[in-house]
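I have a structure here, written as structure tokens, and I will follow up with some questions on it.
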């Protein structure tokens, strides 16, 4: 059943999430610091049984220069710099297995699948630790370091996401002028953030993005991962103000307000994990051109392979024809 | 938690499923009839965004000559007859989308993904109807026509599976001497059946196969799809004997008893959908060489991509080095 | 808890379900075709332990002349033509056991309990197959053949329901001028359809009828059987338009718009299987006199025996005093 | 799935439930006291819409002479004293509605449906209060007064069950030499108790009887009503000895040890409410001839209408041919 | 997620619960009758391992003079009459164990924890029976005797609650001019009732109070204990009017309308057991000064220890400084 | 229902968990390192409303000298060095609120409630971060750093537990010769570890201890927290050997094998969170005198207040009479 407002109300919905006065400084300083701690990307070929696709084990400098892993997949035997898709994983997932997720390389793109620090034990494998200090937290990473924007887990992960774009551009197989970012759920939230923070991206794909309009999301669904924030506030009852302040620095609505790149969204009206209104909140706040697929009968899986197919068309338009 | 016998008991477990006296005649007659109703395979190229893989929309003559759909994926630009994997889908799934499931073609095989008649609305799309008459049935197809082996749904589907092997061998891109069959769950059950019934296969891969030792499975799990048989018998209380007789003709244990091809299995000790003992029942009854991966901490997802990776190694040995 | 709109909103609710331009031709053609394929009813006495009620095993010509089973129960020793109730079963049920459901015969009516093709394995037994071709479908029969109104399962079942009225009228024990139809849930939907399509009925009883205002129902509940349609559309994402078109031909609101017979409804405000608004949609669209029992504290069981008692009074008024 | 021991173990299973030394005195004194407080049965005709069955609203003297309600249903127009079935309800149910449960009267028996003191709000209606004092209790009546056999709820209800047999024998329509008792679940437990305590019964029918081998049942299922006892003991941790002592006085195994009347049982191997071993405990302890239907694929609904049909045959043999 | 109206709507919400014309006479007569049946409090010291707190086992005359148990905890070695807190338990709980619930005595109050007749087997132990007659009821005590205000369980329990205040005032360790009442959930409902009915209380603390605006509560949540009333009405369909009439005599909104004592409330916006609107109904109907803590991210546990801490401050203000 | 072996089997059950050859060196080195990084305890009085108990906010040097918080509660006005109980929290909990958990101070003990690093957002509040590096992990802390014993979360937490004993002994209010440790579930596991590692403890109380016989626990329950390990291994399929090696260093069976202090255990036979056999594994491996309370009808709450009461008696014997 529909899990949120009526379709008509959704189309007009606007988030009331606060926009911190120092939002831009916060991220500028964070990224400067990360870049100052940077070092050259490492990329090692991986032996797989794949005849048509080369896979490389990539390590790049993420937040505070901490090493972050990724897989780079490229069509075998290509000699030119390719249009490139940087993909971020959904909650609980990591970069997975070298032989998974072959669509983008099979379609002719260079494809960087970034690992997710401290995750990668839920539905796909990860190999990157999260060295950040961990205060009291509800299970999962959504509340790790949430008492302050500077210690918050997603400050580190978003920085990784932006630095992945920086990193991939230094690789010979990548055409640095034709890079896009893409993700589902948490990955969609990261894509929106990268779309606002990484200079010169050609396009953004954010399927049912997590981390948008968080204050509403927390009171509009009982499902994880938003549930983790609710569980934390149910115990740390005095922390509401502090927590909402931290979350404002990673809210996808605030990134959408600053994103001018062409962005393709999807939303599912029976989604009980990412409430549809929170996706419309990002779409309706977006500063550039947007496309939106509305799936009336789907839950959080949304368009699935149909979303991917549409993304493929969209990215071809944005990256190949541009 | 473990869902079945102890690991030690599992290793020694043997099924008591009955082996009908006319089992071989039943299948010989069924296949002869299907082949007599056969007609040439049709294969139409499909436009996708994939640069490295060609996809063809295949229609072949299945049970009683009824048309069955499939996708054929082949590495682009190949001129030789390829080693080939015929894959069958798990319960509820169909052949899916042309751009899904790229592993086998990316690994250099021709890959036929057979559709599943009357399914394909559960987790992946299908396009093939099941024209069989449908008596009273519990939801799903597991009890469709179960009152008699001749009207039973799985008689038709297993015939499709064997005929898919026949069909793929007639295609120029396929080396007819190097064909293997593979599947997970229901697909694994079909692979076992094809392994016993289709002449000249080089190898069989059956991950957590469904349809093995069915009388035990029905009383050892509450989960679908075995649950459908239980639900049927809970209402049609007088039909136990008749139903168990029908099921004996499609039981994977009976196919394993007749299968001499090298077969790779996997089993998951926390599987609550396909009880582990029913997989051991097939392994322990098998007439040829077998390999078995045991996953202690997995449910029905079993080895996932790790199963696939092992299958890739196994099939290379069986199809390439042979 | 209440599962739908407030009681006040419900009273004013009107469905927006589309009314196909060729709705009447579609059904006229379907019924003509069925009647053309008809043949005489068969009725065999059944030996039961019942001293006061005779039970007959009835077979009549349903959709396309296909045989459909039913039980006819009549008070023993009656010599006159009786007022008659034709009953249809709820989803998953069949005609059941000869000794079940004795109320109507004990109350002095002739009572025909129609079987449900292809169902009858969920909560009561059925004996009638559904010979229609079955394309990809979600479990259950709600999506069988849904790609086209002509292949849709409910086209066949509704035709059976109308033909049951035709059939019962040819039996000597039945007074053909005093026939009513009755059902709960799916049976209520069939009663509404028969009320619109079968000529000369005296009354209709539709308790918490299924199949009304289907487009709303599908997005207003997560429960089966409406869930099956949602599950189908979640996979066959491109099929929404086609599916909604098919469903319009069997929607109870469209039958209610054409039904002029006195009709008794019930609705339960805590029903999570048939949303209350969809019942009001039928009541508020009805072209004749209606009665409605509102059960505030019940789920889909609605009035249960209290609904039956009220129906008995209603049918006595309509069939005996008229 | 099977919920208890293997079928082979079940056949040999014997309960270790204690048999209190004063069991027979306890019940003799209880029944004497109840009979001393007795008064004549009252039976008032009820107006229903039933043409073939007369229904009477019966009130008789139960435990301590407290009034207990029942429905008496008899075939209309009968002039002789009839063989009679006294039926007890399952947990949570009462005597229900006058127009429910017509099978036995339609089959030619006089049929007394006893109400259940203090229940009758779960799945069928009841009208009889339980005036016993109620100490701390887990929800439901299973722990009401459980601290002592004399205050325990089931002492009162079992006494009602025996007194219902006494009462029905005083009615002109009943042949006092041809009375049987019957029930499902809790009703089956009461039937076993009446079978041991009421003199001169011709037969007992106990479908999936509750209240047998209670110490095992409480640790072998998590479902209500046995769960209520577990919940009580989880809080009143010091009361185990006292509670098990009380329960021994109402345990169906102890009644079975004393019952010499022909008794028909049923058991369901997937029953998670009444563990199958506890039914075998009663069957294997029974002092007279027994019949047992084993339903392999059913839960607590067991044989349903098929159990009823078998009971009808059994009762005809025992009551009509004897 | 939020379980009720928006925060803004909640602030303006007013209950429509009926206020019976004889409400005040009903309670005046009930209390007079109870006081007429009274007898002196008994208090026996209990040996515990507590060095700093004395515990007494109290028995006082409750409804109709029936004995009700309680624990009285007082700081050891105190010689003056103390400010006193009378506490009532949540649904299913009793007075518990002597060594539980030490906060109020450790904070310097005399603390009477009243037992709950017929409960005390759910989450804490009870020792007090409920001798009232029990008609048909849904599991639990919420529908015990609900057919009439005079036989209703909560008439007895509320009388106990008022009489506990009377009783505690007769003890030498208690300063009768400085008594407050306090409870969570059911205990909060009882505190509201005592606040209206017991003369001269200094303050009332009602955390997430149960039994307020019951007609709305029953249709706004599926959870127990309100669910018990719904279950009763789902079977006793004819009883709605009678049941709502009974409930009006114990509705916390009617007590709030009559309560002039300073009252501290709490409400939890994710509470699915006591709908937030029903708490606001009591707050907004209250006749005296009120305080309200709103917990946005909590369920029925509400403020937990933070509620207790605020209550301690509130009671110090009301009882110590006044 | 019983969740594990029969009571008889449990009594004889012995764990097969491996005992690493360098177990003692591992812990000796870890503790030496922690003590080398130590610094003096800090203890600040906290203002609460408690009249009879003083509460101090304690910070002590835990693993690697990292600061760990605790509450110290002592009876007000005591001048002598007290027998002392150090308590560890169950999974998800922290040191909680100053006014919670007053039993031990009210009973005359000094009582240190240690905080739990990185937890304290599940059911009670915590204030201590876990600065350890966090690799990929399943939600919760059970798999944090699990790839190596040296990085594993529980190495840090167990060290905190031992250092809490060191710390409390330096406080004037504590008699360092009369210190005991106590905990439920995770707290019980920590108590067992401290019992083996902290010199000179007088007694250990381990209620339904977590972290015992972990290899069996992981395959014997589906519930958290053991489920987290299973979830990790379900994704990191190659890591079984490495993970089991890490876990052996924190397994309570290995601590029990080395613990000679009098130890009181409890076990609950219906516990589905800590399988009863894993508690018996620790009891049966214990090197010193043990007591065991067996709760037949409880889940993981086990004896609750009855366990506490027994612990109070036990600790009085061990700490006061010795």
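Order of writing sets the chain letters: A, B, C, D, E and F. Residues in each chain are counted from 1.
In this section, a contact is a pair of C-beta atoms (placed from the backbone, for glycine too) under 8 Å apart; a residue touches a chain by one contact, two chains touch by 3 or more.
None of the values given here were measured: they were computed from a predicted structure.
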Chains in contact with chain C and also with chain F, listed by label, are A, B, D, E
Between chain A and chain D, the Cα-mean centres are separated in Å by 63
Distance between the CA centroids of chain C and chain D (whole Å) is 37
Distance between the CA centroids of chain C and chain E (whole Å) is 50
Among all residues of chain A, those touching at least two other chains are 306
Every chain pair meeting the touch definition is listed as A-B, A-C, A-E, A-F, B-C, B-D, B-F, C-D, C-E, D-E, D-F, E-F
As the complex stands, chain F meets chain A at residues 92, 94, 118-140, 143, 231-232, 235-236
Chain B residues touching chain F in their complex are 1-2, 269-270, 295-299, 301, 303, 306
Note: in the complex, chain C contacts chain A through residues 218-222, 230, 233-234, 237-238, 240
As the complex stands, chain A meets chain B at residues 49-53, 75-76, 96-97, 99-100, 102-103, 105-108, 305-306, 308-309, 312-313, 316
